[in-house]
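Going in written order, the chains are labelled A, B, C and D, and every chain counts its residues from 1.
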């Protein structure tokens, strides 16, 4: 039992090395596994499927590199769904990070280049760029979007019918079918100031850690769907592509390594406790 | 990382490994890269904030207003008043002075005061649907009709059990956080004790989901290093 | 709804009245009752054990700014721990990364030692400003733990992810560790690595009980009454829905907020 | 002392507008008529109010609200009304008319603080350089990086040219890898803590760990594969969903109802400047 107790005081760098090796395994052995589609992912998928023509979806892409591991996949799969069904959507980023819209551009550029070359900026999607003001900005967007945005992220005026035909039929909250906010921790103000006031459906794409406090909104119908961490993107990808081989969103690429990551932590906790109780019994 | 030429991928990889050198030991390269990162981020955000928020919402309306004022108070010269908001905005920066610190507290007070004024609307609109959704039948018929005078549908054991656990957990957790009376009375003490145990199940979910997020960040970096950089697997 | 309906208007008036009434009565001296949370007994035990072993203690008031309500509550608990330590004649080391906290903590600990009649035991070096950032602070606190051979660690206040780094060295030295934070996301990590954890609003209750500071005391009691009303509404709603279905009179009264 | 009173007054007034805008209805309640539109003419609107027709004269102060399908009232002009709309009309209370301009004011005022972060960092780094503190060259690097970041920021939205190249390199190959790598250091903090710090010493910690393991295993493909043979309610994904949707949501609701009342108390204390304590009593 002595060596078990000695396991306690391993140098921190050995633990780091173990994590690098354990997490690199799934990348070496490139396997794809079926995923269990959870109810909150399915509800968002079905809600977007039922989008009536003429309605627009507002994507609050307010994430940056700090949470790209989870949020990149969450916007990627929804953009693919919207581009596939030609549902027009508007991208913005309210309050949290000015880098959000540029990350959304990156995701769309790859999708359009690889899968939907005929989709056009200004017709299928518009990027309005960053704005500030939190709940005050949300109230402005709901009443009249031109109060909050004068130009889009490329400098075109919103009333430029030739470059932004899509924006000519977006005036206020009436024209928006769903608001999909994607970031580490989406602002609950969307629920209070938009859904609470106008009844507009809201969906979140959030980091796993924050989802714990958002499940209660799914129960009360204040959220129509939610993508939780890497698995949310992987499950949505599974709904988009029934055939396992066609799935290549970041969510699908990371879900198996994510599984290894969880196992690493579980093993670490169990080993740590075995070592601790062994040491205590020896001292005890 | 598609469409990236190799030197760009190498730059990103070097920078990534440079920061990971912190894991070996806290070193100079890591601290330098940290300074570069913070500098780039602050500089980048500064320009984006100006181009996408302050210029369209403040600078342009104000200059249009002054243009209207200069050609004989044409319509729209009221926009020139934005200059007053600009002056008020400079009060933020008295935060750095000891003598005039109180000036910055005016603007802080206004901004946070607005937030405090709207706290009722914010909190109640967020939580009233939650309270309404917590009205769950403890003995639930399968088709949801009421116990007394409802349809003859059988009572669904699974739904009833879930609802009892659901409402019970809310009650126990809230009793745990009551402080204005002594937990002498046995039922209250046991309810609070059970509340703390039920909180542990919820904190288990917090722990598990925190692991999910922390792993995802590192695995994305690993995916970049192994797939995009080393072309592995 | 864009504007408050009748039910919400009543809720606003009721909650505001309860909170403000209790704050102003507390200000006039008739404070009102706050129960002693179990966490305080754990603190007494920890201070006792550290004194038995003749080794000092560490109090870490979190990473929050001094005006953060969580940090203010932590400083309330610091006063209690310092008083207990002074009565038993043992040392309390305060480690922080917030410059403004140093003078405030010094003043609290000095007062505690003076009240316990042991002003000689207090020395200013025990209030240590260790580092500029959260990470370095954790590593520096770990060194203090090993060097000073501390037997009890108290982590109270506002914490972020560095909570993991602080409790890890303490676990290895076998010290008894008590934590308390209002950051619900850090509570699980304290539960897993400390002997007892004060959860969320219990931190405010502990501070209000110890310092009797009128605004926090009154506000907490007023909030309690408001929470009792919310609980009563939920229980009545659930019972009435059980018996009379989801559209009964009571639910109508509360109003539906779909 | 008057400084403190000025701040308290300004804080109160800023909050008062938003408090009243929410609490006071948009039209004077006792002079508001609610009914179904019969006909609209420049002189006024005729409404069917429980059986009889009522004529509403068209004054400038008249505000008309039409109910949306979701039930939320929408402010419309009399000309937009169609027979059969459910409408409430009455003299305005002016508060809601100013909401858009008040929001605009606070959004711009808040955005003005955008230079604070840069200035506070610049002060720290410039004092490092002036006093030649150890590693002061890191601060020089910081200023160079701020310059490079600004130039790159100018490149966002550019169609082509060297500015776009600088933006592309700085955004994708410096900012993005660096900030995501810094965030991923947390993974290693947690992994070492899982091994060395997390000890199941009490029953509570045991219950938390069991729940954590179920939630971790239930949300990854391996969890599904491990227990796909068992009856459904014993499968890991189903158990994880039960914990997240029922046990966790209820406990979070219990906690967050307390936080709701807490937020209202903090809001009230700040709005009415009732705060006492080290920070607020400091002599201004």
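By our rule, a residue touches a chain if its C-beta (ideal position, glycine included) is under 8 Å from a C-beta of that chain, and two chains touch if they have at least 3 such contacts.
No experiment lies behind these values; they were computed from the predicted model shown.
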Among all chain pairs, the one with the most C-beta contacts: B-D
Innermost chain by mean C-alpha position: B
Greatest separation from subunit A - chain, by CA centre: C
Euclidean distance of C-alpha centroids - subunit A vs subunit C, Å: 34
Mean-CA-position distance for subunit D and subunit A (Å): 17
Distance from subunit C to subunit B - Cα centre to Cα centre, in angstrom: 22
CA centroid of subunit B to CA centroid of subunit D, Å: 7
Subunit B, residues touching no fewer than two other chains: 23, 44-45, 48-49, 53, 57, 114, 118, 120-126, 129-132, 134, 167, 170-171, 174, 177, 196, 199-200, 202-207, 209-212, 214-215, 217-218, 220-221
In subunit C, residues with contacts to at least two other chains: 1-2, 4, 12, 172, 184-185, 188-189, 191-192, 200-201, 227, 230-231, 257-258
Subunit A: positions in contact with at least two other chains: 8, 16, 19, 66-69, 99, 129, 132, 136, 148, 153, 196-197, 199, 208-209, 211-213, 216, 219, 221, 228-229, 231, 258, 262, 264-265
Footprint of subunit C on subunit D - complex, ascending: 21-26, 72-73, 96, 186, 189-190, 192-193, 196-202, 204-205, 208-209, 212, 255, 257-262, 264-266, 268-269, 272, 274-280
Subunit A to subunit D touching residues, read off their complex: 8, 10, 12, 15-16, 19, 33-36, 38-39, 64-69, 99, 102, 106, 129, 132-133, 136-137, 139-140, 143-144, 147-148, 153-155, 174, 197-200, 208, 211-213, 215-216, 218-219, 228-229, 231, 255-256, 258-259, 262-266, 268-269, 271-273, 276
For the subunit B and subunit A complex, residues of the former touching the latter: 2-3, 23-24, 44-45, 48-49, 52-53, 56-57, 60, 114, 118, 121-123, 125-126, 129-130, 132-133, 202, 205-206, 209-223, 226-227, 232-233
Residues on subunit A engaged by subunit C in the complex (per definition of touch): 8-9, 196-197, 199, 209, 213, 221
Footprint of subunit A on subunit D - complex, ascending: 68, 70-72, 74, 99-100, 103-104, 106-107, 110-111, 114, 156-157, 159, 171-172, 175-180, 183, 187-188, 190-192, 194-200, 209, 213, 216-217, 219-225, 237, 241, 244-245, 248-249, 252-253, 256
